[in-house]
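Going in written order, the chains are labelled A, B, C and D, and every chain counts its residues from 1.
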Amino acid sequence: MIIVMNSRATDKEIDLVVERLTTVGLKAHVSRGASRTIIGVIGDKKQITNFNVETLPGVVKSIAVTDDYKLVSREFQEEDTIVDVGGITIGGNQVVVMAGPCAVESREQLLMAADMVKKAGAQFLRGGAYKPRTSPYAFQGLEEEGLKFLAEARDATGLKVVTEVIDVESIPVVSHYADMLQIGSRNMQNYQLLKAVGRNNKPVLLKRGLSATINEWLNAAEYILSEGNPNVILCERGIRTFETYTRNTLDLSAVAAVKNISHLPVIVDPSHATGIWRLVQPMSKAAIAAGADGLIVEVHPDPAQALSDGKQSLTPENFTTLMGEIGSIAAAVGKRL
Amino acid sequence: MIIVMNSRATDKEIDLVVERLTTVGLKAHVSRGASRTIIGVIGDKKQITNFNVETLPGVVKSIAVTDDYKLVSREFQEEDTIVDVGGITIGGNQVVVMAGPCAVESREQLLMAADMVKKAGAQFLRGGAYKPRTSPYAFQGLEEEGLKFLAEARDATGLKVVTEVIDVESIPVVSHYADMLQIGSRNMQNYQLLKAVGRNNKPVLLKRGLSATINEWLNAAEYILSEGNPNVILCERGIRTFETYTRNTLDLSAVAAVKNISHLPVIVDPSHATGIWRLVQPMSKAAIAAGADGLIVEVHPDPAQALSDGKQSLTPENFTTLMGEIGSIAAAVGKRL
Amino acid sequence: MIIVMNSRATDKEIDLVVERLTTVGLKAHVSRGASRTIIGVIGDKKQITNFNVETLPGVVKSIAVTDDYKLVSREFQEEDTIVDVGGITIGGNQVVVMAGPCAVESREQLLMAADMVKKAGAQFLRGGAYKPRTSPYAFQGLEEEGLKFLAEARDATGLKVVTEVIDVESIPVVSHYADMLQIGSRNMQNYQLLKAVGRNNKPVLLKRGLSATINEWLNAAEYILSEGNPNVILCERGIRTFETYTRNTLDLSAVAAVKNISHLPVIVDPSHATGIWRLVQPMSKAAIAAGADGLIVEVHPDPAQALSDGKQSLTPENFTTLMGEIGSIAAAVGKRL
Amino acid sequence: MIIVMNSRATDKEIDLVVERLTTVGLKAHVSRGASRTIIGVIGDKKQITNFNVETLPGVVKSIAVTDDYKLVSREFQEEDTIVDVGGITIGGNQVVVMAGPCAVESREQLLMAADMVKKAGAQFLRGGAYKPRTSPYAFQGLEEEGLKFLAEARDATGLKVVTEVIDVESIPVVSHYADMLQIGSRNMQNYQLLKAVGRNNKPVLLKRGLSATINEWLNAAEYILSEGNPNVILCERGIRTFETYTRNTLDLSAVAAVKNISHLPVIVDPSHATGIWRLVQPMSKAAIAAGADGLIVEVHPDPAQALSDGKQSLTPENFTTLMGEIGSIAAAVGKRL
């Protein structure tokens, strides 16, 4: 931590800051510049985090120098994490595609969707059984019945199943049916839930919160890893900005940034990011070109009849086209689909 | 809902949209303008919400005309809701002040804080026993022990107690000790938690999410009211914007806006909004002038030693000064402290 | 500036950074911590600004420690700047109110508006003769004719005139008719224009850019002061955020923040900030309570007929009510209207 | 425009709105739904834009149904615009790359940079002679001398020259030396400047404003086209969001969106968007995959010595690598470099 003193700070004020630091066992490096004094703080991280200096006289501000997370950082682990989900690996040379409807609506809808996405070449089936919705009056999901349909679709197609878990209570039932647990955007800072999936042994797909910084996103992953579960896949799904043409703003720079500062795999959800099916295809290609390890895409047998997110769902035909195009981009960046 | 057609949309495309609407029981009002056709949709709200038209040929976009929430709106209930918490009313003519440390750190710290805020004139004691923290390595709260100290402080001072509940599991124990349950910003869209406090009989303080629109915030409140609990107090606490000088950007227009469109009481948290203790005093005054029904303020016996949020905590002396100033502003807007 | 090295940075990499700094005449303070090395840089500010270290091996990032601006800072000048505009002072104990239509539309409209705002107690008449509009097809202003009406209204009422200058070319003509030049939000970083008004002797009202940080806003003011014109009044008018209910998000914390870090007067424009006339009254009161030195408010004889911004304009009746309420708030914070 | 009435609006209030509309020559379509009345407004666009209804009793809000711009829209012109700059076409099948230093610093620096980017395969040389800088104390550019160096570099290499024009006054001199005029982000809503380059015959590179919506960006282009200059190339360069890890947030969805709603070419500036040279390569590839027609990239012979933006500049070696990778992506989307 760096403490910036006021240009008019007195020696007494500077001494008080140093004294306070020393009292709690921290070391102070005082640099007296031409215009002002800067104090560098060295010592135990936790001690520093809990030290509040802004309230002392003569202090302008303090600046944190390093990040809070550790296990998820590339400084801690240099080589890429590759997550194995029943033989499908995420984070290596193969681009992974997860596809399916936003919500599991019925047995027929789901089996038809599963069959279609399997034929088009996806490796995972996605579909929500528990749906967090902005309005209490919107369709909230089929719950355990939906999970059963997902498991049935897996048995029929060989696809792996990824589905959202929305509270600690339902972790056992979702883990029973699914191959991978999804933490939704709205729950990215639901720390009880993060700790609980950290104690579970299923891989976790951690979506970035709507307004989470990259730092907060990595700290959320740190919650999971710090409880013992190393199998975390990050998912960029658009952030909230002033732009209203798209549902959110897809932040592909975050994909490239996370690849630099963390060893965890990162996939992209172009459907929720854009909210517009016409933009899913170009953004999927862009995601793979930016270095994403995979995609999670909404596909519905009949988007116009979907109970949620129909606007952003691909038809099976469009999804098949998309898979072909992604293959070309993957090849261009030295990967395979 | 309004459907905007492409200026080159054919009659066949327009007819298809109308046909689709009719099939699901909705009525279409077709307006053919000079440059393009607009279709107004009338019928059951749920039906409309689930109808996806963007995927049909010739359609540019659909525009929602009305809001999803109902019970929280002033159109539904014209007169102000006044919440009674053991004799203290929120939402009427009296400005209510909740104060105390960010986190309950020890029995001594809390009792000292309670005594000080009581003397300065606050009606509620605030303090977190369960602390959601960005980093898993930061202080996470004293949990039930902290709740016991809060209850003891209430017995000693007569202050009401408001404290955060972070999951469904801990609602019973928090309800046992507290007078009002707080839903934190990160949980504003934790719908399981919202529904659960909606089935509880304690008043709920619902903080606005970091990047929640006013519409989403009111929908979150609608979750609670729709489960049977009408005693919801909204709390504006700053939104996430590009500005980094302050921790968040306090959105006081939202207070005035919510007063227009909803009947629920609204209070303001200037401490988390600004993150800077020097700005708490002017923003508290501004909040009351904007029409807020009260404040929730962080006060710590020794901010420099606080285990969390010391930067933004007032000393007891500053809090006492603040209370005097708020009294003057309250009087200027026809209220009393 | 602080340079943060990678935790695995070698001595050779650290030495290279130090060598580079020394070469350009800067001094390096190396702090070797338990987990990583931090290098503090001391020396000429301009030299530091132009030094790029991120491209060197082993460097994680650099962090600026101090701000770029100087003349506008309270560290440079402790006492408040009070701007005198023909006998009306801004920045002292008196709350100043500038009011009038968004655009000058006709002689009749303007003279009527001027008469009304004068009677209600305003000290300044506002009104745009040159109108920057999002669409090229919207009303663009009466230009010099509008300026003449403004001058006529001043002669008739004694109000001071503030109006926008949109390019370097029109500074002479606007200066001829107006008492104060307004730089609009869209031009806050039009540096040619800032330098030109800095060489002029008329006071300048500098609106904050739509997405300008406080730091950028103060740097924009620094452009004006550095050219010799010390008479700058800042104007907070709402920033662009994700919230769409209001036109912008009024950032009153910025008013309080600027009062701490700068000596310049700050006023607030609640009309453009909210875009909703119903919110102008509560936000005006909040602004004064937050410490603003004044207000600039849109008032139109008949808002429903306004050629621009009718939605956010007050009727003369509402403005008169507002003036009464502001008087009470001003008194509550120890000022007078 | 759609007018939404309050659910309690009286017939008298509805009639008043209709009467007002009729008075100014607009037609009203009244739809009385179960819960509220909606009024559709048909007629002259300009008339509608200037009609303010929010101030009338019983009105909740009005909603604009169509966009303001016309000439730039794909509804107006279906086929893609292809801009020809001295034989280099932008907007067709060829990916165009513009590269060079942020600022022209010296003759040597520029000629070396031009030579290097030419060899790597770029078609345009970029470089700022007039530099808008946040601080008045930062390097402001070599002005006309810089333009001369650019022209000399063109003569030496055959590269086309694109450079920024920062005010109306300097359009003649910049046009004299450059092949394409760049309007920077901070000037995207400098309407005087837009109109002036609209009356000029040089192609214009229009950068998106820092916080400009897609709609405002297209309206800015409309200003140029409406004055007679059809040769506009849009440039996405990152928008301002809450994320601070990157300098801005590159909005590639905007590229895909603009391709849908406009016929104008769109290129991407990954250097200013990310502010981090390590992210320029992945974002360049992502941009081409998303459908961009080209790139504008900062390249400096020695980034660590750059007078501005060194952090985000590529070395010539990295740029050469980038060109190879872009070629592969271009091929994968059916284009060529």
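The definition used in the following text is that a residue touches a chain if its C-beta (ideal position, glycine included) is under 8 Å from a C-beta of that chain, and two chains touch if they have at least 3 such contacts.
Keep in mind that what you see is a predicted model, and the values were worked out from it rather than measured.
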Quick note, more Cb pairs in contact for B-C or B-D? It is B-C
If we define chain centres by averaging CA atoms, which chain lands farthest from chain D? Would you check?
B
Type of chain A:chain D copy interface by residue overlap (half), same or different:
same
Among B-D, C-D or A-B, where does the A-C interface recur, judging by over half of the contact pairs matching in residue number?
B-D
Find the geometric centre of each of chain A and chain B from their Cα atoms only, then give the gap between the two centres in Å, rounded to an integer.
25
In whole angstrom, the CA-centroid distance of chain B from chain C equals 30
Between chain B and chain D, tell me the centre distance in angstrom, where each centre is the average of that chain's C-alpha atoms.
37
Two-or-more-chain contact residues of chain D, please, as numbers and ranges.
211, 240-242, 244, 276
Under the touch definition given earlier, write down the residues of chain B that touch chain C in their complex.
211, 213-215, 239, 241-246, 249-257, 259-260, 273-274, 276, 278-279, 282-283, 285-291, 325, 328-329, 331-333
Can you name the residues of chain B that touch chain A in the complex?
20, 45-46, 49-50, 52-56, 68-69, 132-139, 166-169, 186-187, 189-192, 195, 210-211, 216, 219, 222-223, 226, 240, 276-277, 303-308, 310-311, 313, 315
Can you list the residues on chain C that touch chain A in the complex?
2, 4, 6-8, 29, 31, 33-36, 38, 40, 42, 63, 65-66, 75, 211, 240-242, 244
